[in-house]
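Could you have a look at this structure, given as structure tokens, before my questions?
Each chain carries a letter (A, B and C) given by its place in the written order, and its residues are counted from 1.
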Amino acid sequence: MSGPVFRLSELQARIGGRLIAHSPEVDSDPPLEGVASLHGAGPGQIGFVVGKSHLEAARKTRAGALIVGASLADAGLPCPALVVDNPHAAFARVTALFHPASPVQPGIHPSASIAGDARISDSAEIGPGVVVGSGAVIGARCRIGAGCAIGRHVVLGDDGLLHPQVTLYDGCRIGHRVILHSAAVIGADGFGFAWEDDHWVKVPQVGIVIIGDDVEIGAGSTVDRGALDDTVIEDGVKVDNQVQIAHNCHIGAHTAIAGCVGIAGSTHIGQRCRIGGGAVIMGHYRIADDVTISSGSFVAKDILQAGVYTSVQPIMPHADWLKNAAQLRHLATLRQRLNSLEKRFESNHSKD
Amino acid sequence: MSGPVFRLSELQARIGGRLIAHSPEVDSDPPLEGVASLHGAGPGQIGFVVGKSHLEAARKTRAGALIVGASLADAGLPCPALVVDNPHAAFARVTALFHPASPVQPGIHPSASIAGDARISDSAEIGPGVVVGSGAVIGARCRIGAGCAIGRHVVLGDDGLLHPQVTLYDGCRIGHRVILHSAAVIGADGFGFAWEDDHWVKVPQVGIVIIGDDVEIGAGSTVDRGALDDTVIEDGVKVDNQVQIAHNCHIGAHTAIAGCVGIAGSTHIGQRCRIGGGAVIMGHYRIADDVTISSGSFVAKDILQAGVYTSVQPIMPHADWLKNAAQLRHLATLRQRLNSLEKRFESNHSKD
Amino acid sequence: MSGPVFRLSELQARIGGRLIAHSPEVDSDPPLEGVASLHGAGPGQIGFVVGKSHLEAARKTRAGALIVGASLADAGLPCPALVVDNPHAAFARVTALFHPASPVQPGIHPSASIAGDARISDSAEIGPGVVVGSGAVIGARCRIGAGCAIGRHVVLGDDGLLHPQVTLYDGCRIGHRVILHSAAVIGADGFGFAWEDDHWVKVPQVGIVIIGDDVEIGAGSTVDRGALDDTVIEDGVKVDNQVQIAHNCHIGAHTAIAGCVGIAGSTHIGQRCRIGGGAVIMGHYRIADDVTISSGSFVAKDILQAGVYTSVQPIMPHADWLKNAAQLRHLATLRQRLNSLEKRFESNHSKD
């Protein structure tokens, strides 16, 4: 499976930046066959360096070329380089050049089950076993992987990519250029029950899920439909694997949510937030724009100012933990004892 | 898609309660086309108010009618209202009136694969791509969504609703009126291995999962089969998304388990418990009836008395956390120092 | 469904060990029809006892025979027994004797969609609705459950067992005797994005997932493909349900990972580790061989020595928690006050 080959100058022509040669003995415009990590790269590959913390690895790399930021242009790199403002983003583009997505192959697999009144773009690719419900709309150049189940009246914008086994419940509306990974479930019922006497009564969940453009949602993640109003994921939101977003949440544009996060119902998260992996955010709270929640943290209050917030315990050897954790049940007492001792000391001392 | 229309008095006739008018100028029996949240409602919709904390929003609503509890009957509502004992449950019923489930369409989709000796009720609806194993039984009026895989000898009661892509492993027994959401997996092997010399030996998991009546299990949730005895979910249990229930757990009737909870093996949870989102409950423990575990809490002991239990850290700005969390490694020392200081103070003071 | 019957001596012949009779009145070589737990067993079943902590239950059992360790050989058991070095492993083997896997039924279900150039062993069983991509290879005696989606150029070794609805993305390589449970997703894109100006740019994930021999991965678990290098799961690793393993992780041989664990990107976990349920391990860290991480713990540093490590809070009644947790925001202050008081006391005392 040989892919495209680019000379470094050809990459420069496509993504911009400034070329710097290494030495007369080294080809300053090498042909490149792919991307690689600094330690995995060989002479036919290009790597990248985000910051000075990787400088040592960069100096040891066998890569044929590097993408670096301006601060590293004169850092004694071992090969020619392309100097750019944003090495990570530039490398993302170069990677896409070497690994172009395979072209969409328009058509509907004969094993798919498509409702008679569904409207499917002629340029869309519908895989084996896909089911599309009544009234659904699937946009241009969408690629729907094997076994996806798309409910009634779902609207899916252009250039969507659904990996196999995605489920979209009835009525959900998905924007353009959305990527949904396998086993993701969009629009399942929110967890709404009313307690009556001695049992739960199900509250029908009649809102939908609205997902904006350029959203990506990871494998096994779930976004529940709204109870009455809708659950909203704004443009550019990126959601990792096994994230749970409950009914009536609102996730602001360009927020990134790492794996295993759980967000309870009706919570409103601002734009450009970063939610670390394994965090749990309780329901009905409001998180401002540009907030970072550290991985593993538990949020049970509004966070109204941008910044970094944390609530985890440091790990320690179990024997140490046993000694220290035992105190956690007695912190209030500890403080009272200290208060009391301070007072007695003061009182005693004042008598001196 | 116009749905049913009910006058307020028609809703009263179906769910009970007492009608209160607003003023002579306002139609005391308005026609209603649907339900809505207080802030999202218009004149053709009915909202509900659970308690006084939402009174302000209720006074501002544009809804045509409200369902309220007795304590709000004289609260100056802006529209006619139906006064009931349990507004949340009444609203659930009204919502169901406006959003009746689409009727089951009996029959087996031609793309389904049904074992010759499976017994499927004539009134059941079997979707595209469904697979039903040998000896399985599917009850009356069940609706089995696209792509569900139902193992051998599974028994599914009447009026079950399986959304697309649910998997039921061999032998599991499911009660009546059970709802299983997409990507739920019932009856996978418990995590049972014996360590031998330098590797793990798989312990075959030969129990099953038994699920009672009126249980709902959320998207992506997993309930493992028992190792020897069975895993049991009693009647009326409600399980949210991405919950893991390990082998040989026993979940008591009408317990509700919020999203992202993990329950390790052989734990016995009582009836009417409420397990908050993201909680982790270790294995082989016993939790009494009517226990509430706060969201995010970690349980590693028996809880034998009803009540609310908690074990989370408060979130704080990261800089504050750095200072405070550092102390968590030294709590035992801190206490010893306080003990020592108290003793010296006492000893010193007694000399006075 | 009657299964095989073994006399105790036949089990001994297959798994080894030493037979001990009970009393002349009791058949010392009973016929046995199955395995059971100590409290669930009847006279036709065999149970097992790992250690002295279960001795009381063992004395009360109605089982027809027991498998025990040497320390219990003379413990007054109520029935004949087989004494072995490793009762848990022996019991695993006995369980497998009573519950042999149903034989693989070679062949490809007519509803499967197999790429023309995929190479599928004649002895493999391909279930209904399975999709196999171009260039994929499926080994001898593999059993692929209903609805599995196997990407292009995937390589699956011999004797694999994929339960229904597993997804393998393009290019992943899976060893021999691997078991993957339903809704597991192997090889989805890692969570890689570069921030540029005001939005995220997707970094194509061009590594794969490499899974060794004898690995088992639970229902709903996800293992992401590498960004540049590969994600690696070594031989004999056992992964429970709903575990997330991010891009470029490396999991050492025979490590066991319990349910709901999240492991962030590029973390390297050693061999024979045991990661407790619900633990969260941050990215780019290194965990040595033979490390145990307690359930519910949060790891955000390297752990370079074998041992047990913990970072959880003890659960307590909510009222107690309120009092104690409030102190967690003031621990640094508390320590400073203690420091200060100690100094003043010393200073005061030295004046005496």
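To be clear about the criterion, contacts are C-beta pairs under 8 Å (C-beta built on N, C-alpha and C of every residue); 3 or more make two chains touch, one makes a residue touch a chain.
Computed from a predicted model, the values in this text were never measured in an experiment.
Interchain contacts join each chain to each other chain, per the touch definition above.
At the interface between subunit A and subunit B, two copies of one sequence, fewer than half of the residue numbers in use are shared by both copies. A turn of 120° superposes the CA atoms of subunit A on those of subunit C, with the angle given to the nearest 5. The centroid of the Cα atoms in subunit A and the matching centroid in subunit B are 26 Å apart. Contact with two or more other chains is made by residues 111, 129, 147, 165, 183, 220, 242, 260, 312-314, 316, 325-326, 328, 330-331, 334, 338, 341, 345 of subunit B. Interface residues of subunit B, counted against subunit A in their complex, comprise 1, 34-37, 40, 86, 88-89, 91-93, 95-96, 98-99, 109, 111, 127-129, 145-147, 163-165, 179, 181-183, 214, 216, 218-220, 236, 238, 240-242, 254, 256, 258-260, 277-278, 295-296, 312-318, 321-322, 325-326, 328-332, 334-335, 338, 341-342, 345, 349, 352. For subunit A in complex with subunit B, the touching residues are 111, 113, 129, 131, 147, 149, 153, 165, 167, 169, 183, 185, 188-189, 191-196, 198-204, 206, 220, 222, 224, 227-229, 242, 244, 246, 260, 262, 264, 280, 282, 293-294, 297-301, 303, 307-314, 316, 320, 323-328, 330-331, 334, 337-338, 341, 344-345, 348.
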